[in-house]
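To keep things clear, I will list the structure first and then write my remarks on it.
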Amino acid sequence: MNEINEKSELRKIRIQSIKRNFNLFKQSKIGILGLVIVFIFGFLALLQPFLFMTNIWDEATYHPVVGYDSQKILATVVSCKDIEYPTPEYKTPSDCPAADEVNIVAVAPYNPGIKEGDVIEQFIQPAPPSSKHILGTDSLGRDVFSQLMEGSQVAFVLGLLSAIVGVGISTLLGTIAAYFGGTVDAYLMRQSDLVLMLPTLPLLFIISAFAELKVWHLALVLGIFGGLGGSVITIKSQALQVKVKPFVDSARITGGSRMKILTSHILPNVAPLALLYMVFSVTGAIASESILSFLGLLNIDMSWGLMISVAQADGYINQGMEYWWLVIPAGLAVTLLAGGFYLVGRGLDDVFNPRLRRR
Amino acid sequence: MSDNLIEVRNLVKHFEVSNSFFSGKKNVVKAVDGISFNIKPGESLGLVGQSGCGKTTTARSLCLLDPKTSGSVNFFNPEKQLMESIDNIDDDSLKIFRRNIQMIFQDPYESLNPRWTIKDIIKEPLDIHNIGNLAEREHTIVEILRTVGLTPPENYLNRYPHEISGGQRQRVSIARTLVMKPKFVICDEPTSMLDVSIRISIMDLMLNLAKELDVSYLYITHDLAVARYMCNRIAVMFNGKIVEIAETEELLQNPIHPYTKRLISSIPIPDPQFVRERYEINFEGLDKIVRDNPNEQMVDIGNNHFVATHETKEYLIES
Amino acid sequence: MLFVVFAMVVVACGDTSDDAADDVVEESSDTTAAPATTTAPAQEESSSAPDGVFKLAIFQDPATQNLFKWYDTDTDAYSLYQMTGQSVSLFGISYPNYTLIPSMATELVETSTDNGDGTFSYTVPIVEGYEWSDGNPITAQDWVFTYNTAKGLPLLGQWAAVWPSNCEVECVTNVEAIDDYTVKISFNYDPGLTGWQYGAAVAPALSKAYWEQFATSREDLLAVSGAEAPVASAFVYDKIEQGAFYTWTYDSDTMYFGGETTNYANGGVAISQDNGVAPAVSGEFGDLSGESFTYANGPFVGQVEFSIYNDQDSAYLAFENGDVDFVLNPSGVKRATYEKLSRIPGTEVISNFSNGMRYMAFNTRVFPGSNKAYRQAVGCIVDKNYVINNVLQGVAINMDGQMPAALTSWVAPVTGVLNDCAGLSAQEKWEKSIQILQDAGWQATDWGSHPGGAERAIAPTGLKGPNGEAMPENMLLYAPGPGFDPIRSTFSLFVADYMQQLGVDIVARPTGFGVIVDKVFTAATCKDWHVYMLGWGLSAFPDHPTNFFDGANDTCVNEGFNTTGYNGPDGYKNPEFAELVSQFKGAKSVSEAQALSKKMEAILFDDMPYLVLVTTPILEVYKENIEFPFTNMLDGLQQLSGNPGNVKVSD
Amino acid sequence: MFSIQGLEEDNMSVVLDVKNLSMHYETLAGNVSAVKDISFSINSGESFGLVGESGCGKTSVAMTLLQLQPENSVITEGSIKLEGKELVGLSEDELRKVRWDSISIVFQGAMNAWNPVIKIGEQIREALREHYPDNSKQTNIQKIQELFKMVGLDDTVADRYPHELSGGMKQRAVIALALSCDPKIIIADEPTTALDVVIQDQILNEIKKVQELLGLSLIYISHDIAVIAEMTDKIAVMYAGSIVEMGPTKKIFENPVHSYTRALLDSTPSIRGEKKKLKSLDGEPPSLINKIDGCSFAPRCPDKETRCNPNEHMRLVEIATDHFVDICSQGKE
Amino acid sequence: MVVVFFLFLIISYLLFDAIPGNAFQNLLLNPSLPPYAYEETIALYGLDQPLSVRLQKYIVNFFKGDLGYSYIQFPKTAIELIGERLPRTLMLFSVVNILAFYTGFFVGKVLAWRRGSKSETWITITSVFSYTVFYPWFALLMLWFFGLKMGWVPIGKFLTPNKWYDSPFDSDEVFLEMIKYMVIFSLIYFVISILTKEIESLTQRRNIRLGSFFGLIVISNFYWNTGVLSDMRFYAGDIAYHTILPVLTVTVVAFAGTALLTRTTMMEVLKDDYILTARAKGLSQKRIRDRHAARTALLPVVTSFIFTIVTIIDGSVLTETIFSWPGMGQLILDSVLREDIPVAMATFSFIGVFALIAHFLADVSYAFLDPRIRIKSQG
C-alpha cells in the first residue's frame, strides 16, 4: 500500500514539476511558436496513416508515392504564340491557355499530327489545389498534401532518430572524457577534431553514394557524425562543471563506484544540455536530408526535399508563383519544421538556462 | 598514540599548473607543504587561515578525493581496533574508512544533486554500502531527518533540493553525512553561506550531534569567531603550513605567532564601543621565511600549545 | 568594415562603368573587324566577316580544349560541344536526315580490297586544297599521324572505339598515306557499315603539323591546352575564361564559308561550297530525286559565346532574361519550363525525338530471369501505356523495340508477347501472363485470380519454375531514385507492382546510378542481381543491339577481361542471334543492315532480355533573333552543338 | 503617512532623504514586495549602516537609491531626495548625470564589478570621461594616480586587467573607482563578503580612512552586525523589507529593543568575552510574495508571548531620541 | 595534430574508395567501346591495384607534396585546380562572411538589448527562419525574384562575358587584385583604429575614424586609377556587380547564426555585475551595450565564427552551383560526384588543413581578445 501511495505521490510530483516547467516554458513566446509548429507537423505526420486506415483516403488515389488520380478534361488545342497582348481572348500571356484549353507546344511533342482547334482529352497534371486535393497534385498525379504528410513522417523519423543517436553518443563520450580525463579524454578530443575536419556536405555526398541508403541509415550516419563532432566538446565542458560539484565529491567520499557516479550523478545533470542539443540537431538533420534529396543524391521514395527535386526535374521551380503548390509547401515545410525545432530549443534555452533567464 | 582517531604526518600536496598557454611548461604549486596533526575521538579541530592557504586541499587529501603527494595519514579502524594507514589499504578497510569519514561542503546549493529527491540523496550512502534492507533504510532516513530537525520527515522525503531553503539544504547535507554514523566529519565552512540567524542553529545542531553520535570534526573556516564556537582546538594555517596549534581559548588569549595575532586582530567585534588593536605584518617576508624553512618543527610551549619556531618577530608591524 | 569598402568599390566602379563599357564596345568591334591580324596574314576579304554573337549556355566548365584528351578519358558532352572543329573525318553525317556523306573524302568509298593476308583495306582519296586554320594543308598524313599516335603512345579510353588498334580483336591494322591526298586504311577483317562507314571513316583526324611536336608521350600530349590547336571549321578559340565563358571568333581562313546544302527526302544530299579559299566543291550524293529543302551554309556570326551556368534552372532564368540565345542541354529543356518559355515573347520552341531509350533488363544468367516464359509474362503484364499515358503523362513516349521511332526505316514491327498483349485490359493481361507461365510448365500452389476492372489481381502463391525451381525471395528491382530520374523511378514502382501480381516477390529499390552501373557491369557481381532499369543514349548508326545482346560478350563467362567487345550485362545468349550479329557486322549496305536488324528484333521480341520502356522527346528553346536553317532532326539541335556554323543572328 | 521628526530640523546637512519608499518586483509567482515603506535620511559625513539577512531588501534599497533596479521592479510610492533633488521618476539621461557624480556604489563581489576584458585604468577613465568630458587624458591619469595612492595601490594597476589583481586589490580599485567623480555619497553593498578576514579588515580600514578624509557620507550595507558595529554611526535593521529598528549605532547595541535586533546580536559569535551559548532564531524569513498582515516577524519572534504585538502593522515609532523601533515589538502595553 | 591529420587522410581516402564505381565508369556506358579500353584505363591510373597499395602510395606522395593528377582533368594537378578556384571562393565568401558577421553581431546585440520587446520576438523568429531556410529553394527564389522579375542583378556567373571579350586580364588576376585591395584597405583601417585608440575625447575619436575612412575611400579611388589598375577597375567593377546577389542571399542565411549566438552570449553577459557597474557609472546605454556587453560577448562569437569559416568552402557547394560561381565548392562537388579521387582528396585535405589553421586562429584570436588568456600566454 505504502509503496503504491508513494509511487502515486511521486508521479504527482513529477506531473506537478512538468506542469511548472511548462508554465515556465510558456513564458517564451518563441518557444511556444516553435512547439506549435512542431505539433502541427507531428499531427500531419500522424494524420496520414489515420486517413488511410480509416479508408477516408483511398491508397490508390492518395498514396504519396504510387497513388494516382487522373483528372481529365476535354481541352481545345490552341496556340499561344507570342503575339501582342491583350487579344480578344486573353488579357496577358499568362492567361493563355485558358482553363479548358491546352497549348499546342505542350502536347505536340507527344501527339504527332495534332492541330489547333482539336479537342483532346487532357490530363491535368500537376493539378492546382481543389477540394479533393487541397494542395493539388504533382506532375505524376500524386496528391501533394499526402506527400507533405509523408514528408513530415520522414522528417520526424530522420530528425529525431539522428538527434537521439547523435546526442546519445556525444553525451556518453563527453561525460566519459570529462570523468576519466587523461588519455581517454585526449583520444576522444582528437577524434572529435578529426570529425570536425571532415566537411559536412561533401561527406554527405559521399555517403549518399553508397548503396541502398535508407532514411534511417542516413539518420544513423548523421547522428554518428554529429555525435562524434563538436557537441562532444560542449557536453564535456558541461560534464566537467558537474564533475567538480560537491555532490559528486560526496558520492566519491562515500565510496560510490565510478560507474555509479557517472550514471547517476553526472549523466542526469548533463542531460538537460544534451536535450537542448538534441532539439537543435534535429534542425541540422532535416536540412541535410532535404539538401541531399533536392540534389537527387538520396534514393528514397518521398521527402520534402524530393518533392522540390521532382518539381525541379520537371522544370516547375523557376516559374515564379505559377506552380506554387509544387514548390512553396515543401520548401516552407522544411524551413518551418527545422525552424520550429530550433525555436523550441531557443525557448528552452531562454527559459531554463539560468544565465539567460530574465527574471 | 592509538587514542587518536586520525593522525596526519607531514602531509604534502603539490599541484602542477601549466603556466604557459603555448609551451605547456609546468609549475609546481605547493598547496599543502608538510602539515601534521592528530584528532582524538569526540574532539573538533578548527583549521583556520586565509583563503588559499591550503585548508580545503588538506581536507580533500584526507578523504581521498585527491591523491596526496606525500606524507602519511593513519586512521583508527574500529573493527580491527588499530591504526591503519590509508595508503595501500585493502578493500575491506577502505570500505570501513569510507564509512567513517565524511565531508560537509560549503555551498548548500551545489552539494545536493538537483535531480534527486531528498530521500534518494540521503539513501545513497546506504545503497553504496548496502546497509540494511529497504525498509530499514527507509526507517534510517526518516530517523536521521528527524535528528537534523527536518520535521515531519515525510514532508521532505520526496522533495527536490531546489524546493527547500538554504538552511534546510544544509541540514539535508548533514543528514546525508551522518546517516552512516561516521566517526570523523570534515566540515568545509559549512555555514559561511548561510544567514546569521540560521547559521547558529546549524552550528548548534552540529555540536549536539557531535556529542550524541560521538563524532569528531575537522572544521575549516577563516573566521576565528566561528572556530571558537565550534572547536576544542584550533590550528592556524599559513601558506600550506600549520604555524600554530593550541586549545581554542589558549590560542585566542595567548597567540604567539605573528600571523595568528594578525588573524585575531582582524576579526570585527560586534560592539561599537570596543576598538580593536590592529596588527599589520609583512606577508611577503613571512611567506619567504616559511618557504625557506621547509623542515621547521613546531615546539611545544606548554599547555599543549605548539608554535612554528622560525624567528618572526621582525615581520610584525605594530599599528 | 570590409563590406563597406566593397560597396564603395561597387559604387565607384559603377560610376565609371558607363564610359568604360563604351570603350570596350568600341574595342571589341575593332577586334571582330580584324581578327586575323594575329592569327594569319590579313586578307582583304576577311573584312566581310559577319557580325553578331551567338550566345549559348552550357552547364559545365569544359574540362579541356584538347580533343586528344577528350577521346582519352573525358567523356563529357559539354567538353565536346566546343571542340568540334578540331578534327576532320573522311565521311560525315548530314543532318537532319542522318545520311552518310563524304566529308574530307572526295567520294563515299564503300568497297574494300581483300589484301589476301586476312586484311582488308579501304583506299580513300581526300579533297585537295583544304587547310587547317593555321594554314597547313589537310593531308593524308593527318590520318596516319592520328592513328599512329592513338596506337603508339598509347592513348586510352574512347580511342579504342574510334581507332581500334588492339588486334587480338577486330581492329584497324594500319593507316597509311598512299600520297598526300590518298589514305589507305586496313582492317584485320572485312568491316561493314559498323566498322567502316560509321567506324573508321568517321573517326577523327587531327592536324599533324600542330600536334606532332607534343606527341612524345601520353602525358605531354594530354597536357596541351588545345586552345591554340588549328581547327578545320569556321571558328577559332578566342577568349577562354575558365569557369565563366568561352568564345569562338570567326576564322577568316575558314574552309566552310557560304554555299548551300540541300537535303532530299529520300536521303540524298547536294552540297556546294566555295569561299574563295578552299577549292570549289560541288558534291552530289545518293539519289537526289525526291523532295528537298535547301539552306545556305554559314557562318553568319562573328562570334560564338559559350556561357557556363552550373545550374540548369539558373541557365533557363538567364535565357528568359535574354542573357543567352540557346541552352545547349543534352537532355533538352524540361517540359514545364518548355511550356512556360513558349509563351514568353521572343522565344521559339522545337521538339524532336531523342535517340535513346530507357529499359529494364533481366539477368538471364540466373533464375527466374533465365526463363523465357517468365520474361514474356512480365513483358505482357506490364501495362506501359497506362503508366506512360496516365501517370507520366506528357514526359515520355512508348518504345517497344530497340529502334527509336524516328529511325522509321529501321523500326521493326512489334511481334511476340508485346503484340499479343497490346490493348488488353488489366485482367486480360494478367490472365495471359499466367497462361504464358502455365504453358511453359510453371507450377503454383494457387494460381490466384483477377477480380477484374481496375482491381489488383490476387497473386499466385508458391510459384515454381518448370523444373521445380523455387522463386527467389526478396528480389530487388534496381532503378535510379526519383531525384535522379522520375520516369524510371515511377516505372520501377509500377513494374514491381505488376510483377508482384504475378506472384513474384520483388520490390522496387531506388538506387544510385553509380551503384547500379557498378553492380551490373562488374564480373564479380554478375549473378547478384535480378532486374534493373537504366537508359542508353544511342549513336547515329543503330548497331546497338549487336553490342547489347552478343552472347559472346557476357561478363560472367569471361570472368572479367573481355576482349571481344561490349560487356553485356544481361548475359543474354542465343546462337541464332549471335549469327545474325556477325552478319550484321559485315553488312555493307544500309538496306542489308536494316533487314538483319529486323530479324534480330524479332528474336528479341520473343526472347525479351530487355523490356524496352520509353523514349523521351528532346525539347529545346531558342531566342527569336536566332535563326537555324533547320530544327527537325533526331536528338534535336544539341546533336549539332547548337549548329553555330549555320546560325543567323538578327537584332 | 508620517514623517520622522527630529531629522528635519537640521535639514541643511541632510544629503539624502528617503521617505516612505516602497517597491516590489513583478515576477511570475506574483509581486515580491522587497521594500516596504522605508524612510531614513543621511547627513553629510555620516556613515549609515543597513543590516539584515539576505533577502531582506537591503540591496534593493541600494539599487533604488541609484535608480538601478531591474526592469521588473516598480516603485509604488515614496521619494528619494538627493540634496533636495527628487530622483524617483527622473529620466535615464538625467539619472546618468547623478550617478557616480553624486552617488557611487561599491558592489558586492568586487571580482565581478570589473569588465574582464578592459584595463582597470580605462574603466575608471570611462567614468571620468562621461562626467568630465573636457578633461585631458593627462588630467584623468593624474586623477587616477591620486585615487590609487589614496586606497593604497600603485600606479601600474591602471594598466592591468582585472584578473591580474588579487581580490583585495580589486576591491581597493573598486573603491578608487567609486571615488573617481567626487561623489557625495558612497554606497558600500557588502563590499567584503567574498573576502577573507584579513583582507576584509584592510578594506574596512581603507573605506573608513577615505570616508573620514574626504568627508563623505557612507551607506554601508551588510549582514554582519559586527562589521556594521565598527563601521557606522547610525544603523537601520531591516527585516522582510521593512526597517524594524533604527538609531545611533551605540544606542542600539547598548539597548536593542526589537526582538529581531536582539536575536541578531545574540546569534553573532565573537572572539571576545566569555564563550557563551549563542541563540538561534527558529524558522525562515517569510516569503515576500504573499502579502503579510501584521508583524512579519511574529512567526519567528522568540518573545512572541511577552513583548510582541503581532497584529500591528510594521511601522517605526521613536522611543528615544533618534531611536526608532518597529511598533510591533512595543509589547501589548 | 599530425597524427590526426594523417588519420583524416586515411579515412577520407577509404571513404572515397568505398564509393561504388570509379572515375572512368562513364566509359562503360559507351556501347561501342571495347571493354579492354576500360580495363587499360583503370590500370593506367592504378585503380586496379589493391586498396592498401594505393593508399600507401597516396600517403607517401602526399607527404612528399605530390597530390597527384586529376583523373578527370588529367594532366592538371589537383593543386593547380585548387589554385585556380580558390581566389573566387575567397573573394565571394570573405565578403559574405564579414558582412554576415557584422550584421549578425549587430542584430544580435540589438536583440539582446531589447530583450522582451515585441520587435525582439519578431526579429528573433525571422532570424531563426532565415537560419533554417531551405537554402537551395531560397536561393533559386532570390535569383528568380531579383534577377528575373526585378532585373536588378545579373543571373548567375561572376562576370558579363561580352565585357570580358577583350580583357587583358584573367579573371583570377582581377580576383587576386581585389582580394589584395580589400586586405590592404582593412589593414590600413585597422591600424588607424589602433592608433586612434588613445584619443581621449570620444567625439574626436569617432570623427577622426570616420574621416580617415572616407579619406581611405578617396585614396582607393586614386589607387584604382593607377597604372594597370585603371584598366582593371572596370573588370573589378563587373565582378563586384555580380557578387551582389550571392552575397545578399548567403548573408541573409548566414547572419542569423551569428545573430542568435550573439543574442545568447550577450544576454549572459548582461547579467554580469560589471554591466551594473557601468550603468552606475552613468555611462550611456549605447556605450554600455557596445563597449561593455558586446565587447565581452564578442569572444565566443568570434571563436565560433572562425570555426564556421571552415564551413565556408564546405557550404559553398550549393551557393556556387546555383549562382554559377565556379569555386572550391563546385570543385569538391564535381570531384566527389565524379570520383576524381586525387582532386577530392586534395580538396578534403585542404579543408582539413584549413580547419586546423582555423582551430589555431580561434585559439590565437581568443587569446588576443581575452586578456585573461593573453597574459597567461606571455607568462
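Order as written gives the chain letters A, B, C, D and E; numbering starts at 1 within each chain.
To be clear about the criterion, a contact is a pair of C-beta atoms (placed from the backbone, for glycine too) under 8 Å apart; a residue touches a chain by one contact, two chains touch by 3 or more.
Quick caveat, the model's predicted, so the values are computed rather than measured.
Touching chain A and chain C together: E. More C-beta pairs touch across one of C-E and A-B than the other; that pair is C-E.
Averaged Cα coordinates give chain C a centre that lies 90 Å from the centre of chain D. Averaged C-alpha coordinates put the centre of chain A at 55 Å from the centre of chain D. Chain A and chain E, compared by their mean Cα positions, are separated by 27 Å.
Not a single residue in chain D touches at least two other chains. Among the residues of chain C, those touching two or more other chains are numbered 313-314, 317, 320, 512, 514-515, 519. Among all residues of chain E, those that touch two or more other chains are 19-20, 116, 140, 143-144, 148.
Chain C meets chain E in the complex at residues 1-6, 8-10, 12-14, 16-17, 20-21, 23-24, 27-28, 31, 53, 55, 61, 63-64, 69, 72-76, 154, 156-161, 164, 166, 169, 219, 222-223, 238-239, 241-245, 247, 303, 305, 307-311, 313-315, 317-318, 320-321, 323, 512, 514-515, 517-519, 521, 536-539, 543-544, 547-548, 553, 560-567.
The touching residues of chain E, when paired with chain A in their complex, are 1, 3-5, 7-8, 11-12, 15-16, 18-20, 115-116, 121, 124-125, 128-129, 131-138, 140-141, 143-144, 148-149, 260, 264, 267-268, 271, 307, 310-311, 313-315, 317-318, 332-333, 336-337, 344, 347-348, 351-352, 355-356, 359.
Every residue of chain E that touches chain C in the complex is listed here, in rising order: 19-21, 23-37, 39-41, 44, 71-75, 84-85, 88, 94-95, 98-99, 102, 140, 143-144, 147-148, 151, 154-159, 161-167, 170-172, 178, 181-182, 185-186, 189, 213, 217, 220-221, 224, 233-234, 236-238, 240-241, 243-244, 320-326, 330, 339. Interface residues of chain D, counted against chain E in their complex, comprise 66, 68, 71, 92, 95-101, 104-105, 107-109, 112-119, 125-127, 129-131, 133, 135-137, 140, 161, 163-164, 177.
Only residues 65-66, 68, 70, 80, 82, 93-94, 96, 103, 105-110, 123, 125, 139-141, 208-212, 293-302, 306, 309-310, 312-319, 322-323 of chain A touch chain C when the two sit together in their complex.
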